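For clarity, chains are labelled A, B, C and D in written order, and residue numbers in each chain start from 1.
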């Protein structure tokens, strides 16, 4: 909290330290702070601890670069455009990252607890599954649940029987409070009020739960415009620490009201993500081979961007070919 | 001219068409459906156009009772929220809708399933040193935990229908009581949180249901297959003694709706 | 849940049985389902168990009529227009109702747990106060925490030390799931989507937590109008059981976008609420003396209603005299 | 003509004016303030027009950083939400803002207070058979639990400044550890949830603060009163050894703002 600073993408990435714990806005391949993720790779960040309600293309960009040490989540892939998170999968099989699996609702519960300043949230979901198998607690196996790292709870979860209604055991999952929430938002007011269009996913919770918040905004708009309808906003100015104004900052993921998911780009990335060599080639072309976000956009080209652009009434592209017909 | 309610003949429809149609028929009118990405979306949209016009759909990313006019490709898609009753986020969909108790039907996919309906979408092999990782659970086990009925849509392969799945991602009818790990029935594990469980599995070869013991049996066989062939495509000893007949093929009307209204762009239907 | 039925006010009140547990929409003197509360008194309901995040004028109408047996809440009064809940206060002093005191946030936590299908919610608020004094648990003293009534939890609260971060004890408060949520909403769509203007208070939680929901709507509007902006709606059609369309149904409490609080009316009611005799006179005039809601509005008169009417841009009245200048 | 920053002379302002002005001065610029109904609203609005232009206000009913152009009479008032950053509900204000950790300053009222800053707004007499009931807690104890600093605005009367309050509604510096009931410091009771506590009490006679032991002392005396007079209006033995002087009276500018910008309708200021 405190006065918001408007900074550059490079400065934003520069704030993140090796080993920091990160969480992100968005959902699978929607509203991810991609430009900032690219910049983290460009700056060679390492040993990152990711907590994600769900993963997506951004996760795979970081996984391929070998930037992730711990990945706590429930899912990673590219939806229709790449069915696996190949980088995470390979790293887990090769034992180069620590994966901690929760269910999707468990992840939401953990982030909600963090957002609400609570140490845990209860949930009756996904009981009886191997997600709760104590032998499969990878952070514990790695010796990281000894309490020395305040970001790693001493237990993965707890079965708890409450005394109020005698309904039997349910699951308590521990809070998450990441060092940084890296947020892509469609609109940020000139004083810092944040708005996204359509579904909010877990963006408000990610903002509240993190110690510091960086927002990559599609556009900065007059504060009074957002305040004319406060029911539609996500976060107050004091919840945000840094802002970067960056059109197309979520590409190739989609941003409702602005542009659709770039399916072809993600398919190509997915193909590249299947081996370290191909990933490196891809990164050479799209991350290291462009000096900055402007060059990245130039490389994509106007005709591509125009096809992705959202219909202003529907919020998604109607010019993009989506299927086989 | 053929009547719209007339059944297609063999060769007049694809396997995926029947999968979608058979799944759609599992939706009761008025059901509140929590649907996953992919074929479940196709099936619920078809159901809304046919047998379940009052069914409503909740999508995980926060769209409540949306009325998409273009087929969404992901539950996070803006298309899901079009003319929705509520657009919110995951806290709303999981806590405000699912555990709140509104959901009648979970409509899900899966990579592997066992005879108790336990589904694996996490790893192949030992979790400590897996040979392959899938996407992970997503909301599959959550929706499946709390919907009053769950329907799975899957591809029928011997290696996918297993005696035991390598990792129980999504809960079937026989589960583990953690932290002890002893096997128990779903009702024992969920206690007063028990809502229901897997009701049907729809594949490209047949429709499966679960008996009183929570064990999968073959209910109907899709046209062109025999019960024995289906059994041969399961690793476990499938009960085929309760087969009630052949799965009703799609009607011409259903096929028309699928290709002209549900997926005119050819996203899921080639 | 199920198909929504549109019914009359009389039918709506007729659904409530003596002894039922109720909760309400609104906040103190805003958006209370007053017309329905009057009708409950007209129909002579008794032994009601109220759980309220906070009380207000509607509580006092019920308290004065002797309709309340148990009142679980944190506050009752009429804001600036009557500083005490005289009816509740008198009933507590005379020991004719059972009052169970929680803090405001505890009440929110209890309703949120009910809404989310959880048996409890944790909160670190109001620790160390007499709200948590075990000797002051009035439902326990009345022998009602024996588990025989599923709507009364076996404990008022529990101090709980979690094992995840060793942050020490915090409070767990039990869920509330009332038999009925009696909701006043500004707009209900023709298929049942519910919207209110401005702050949502705990209206969404009240709707979700209750077994059955009756909505008194200021107006029924085309469903597509509400669905054009789903981010602004409170509840989906399947969350509602019964609808009554009733303009001015929240009077004398305020409804943002429609009308302001009727300060004079509440001041007069507050004066009347100070004794049983005066309350009865007041009720004779305003509840029993009018056959229905139309007669009530006629009795208020056009010029009064016009003064209360909200400015359509600001959402509150600009014609009403509020202070001494 | 008098300068706006010149101090009013005795008789040129009312007791309530000084109460509002002294309270407003407790707001630091940039503070995130959680304010209760009544005088706290007046004070925060004045502070925003004077010493704390970047202070923002959260109102319990769900208005986050509203910028009212007409004085709200209740935290539930539509006026609170005008040009707000977020308009939501109580779950947002208590969980999403307060326990989330955003709140710097709680701005509250109270009926009775003791020397540890414990406030009673619940009952007079024994709780089991009270002689009088007040409104109840409302959000007073919640806000006071989690704001980093709390300021109370109260009427100074001997019967309101008590050795012990009949019921601890809102937590001061010495509390009970429940369920045992042993007395403890606020830090012991709140443990790692400790954020701060009551910092000042502003009355119509003076400004009070709390010492290292959490015991109330008189800091400044309002013009026209002596420290002894204030002490006589407390039931407990008020420490007047630390008085730093006289409370600064309102300036002409502050009075003008109060009557022309904050409360032109005369809602709180007669």
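Observations, loosely collected:
Criterion: a contact is a pair of C-beta atoms (placed from the backbone, for glycine too) under 8 Å apart; a residue touches a chain by one contact, two chains touch by 3 or more.
All figures in this text were calculated on a predicted structure; none of them were measured in a lab.
With centres set at the average Cα position, the gap from chain C to chain D is 27 Å.
Centre-to-centre separation of chain B and chain C, using mean CA positions: 41 Å. Averaged Cα coordinates give chain B a centre that lies 57 Å from the centre of chain D. In chain A, the residues touching two or more other chains are 117-118, 123-124, 165-167, 170, 198, 200, 204, 231. For chain B, the set of residues that touch two or more other chains comprises 63, 81, 87-88, 95, 99. If touching chains are joined by edges, the resulting network of the protein chains shown has some other shape, matching none of path, cycle, star or complete graph. In this structure, the chains touch in the following pairs: A-B, A-C, A-D, B-C, C-D.
Looking at the complex, you find that chain D touches chain A at residues 30, 32, 56, 63-67, 81, 83-88, 95-96, 99-102, 146. Partner chain A is touched in their complex by these residues of chain C: 117-124, 147, 150, 153-155, 158, 162-167, 170, 172, 174-175, 198, 200, 231-232.
The touching residues of chain A, when paired with chain D in their complex, are 1-3, 115-118, 189, 193, 204, 208, 224, 226-228, 230-231, 233-239.
For chain C in complex with chain D, the residues that touch the partner chain are 26-30, 53-55, 73-77, 79-80, 83-85, 88-89, 92-93, 95, 99, 101-106, 108-109, 112, 123-136, 141, 159, 165-170, 197-205, 254, 256-257, 261, 310, 314-316, 318, 321-325. On chain B, the positions that touch chain A within their shared complex are 37-38, 60-63, 70, 73-82, 87-91, 94-95, 98-99, 122-123, 127-142, 145-146, 167-171, 175-179, 181, 184, 186, 189-193, 263-268, 270.
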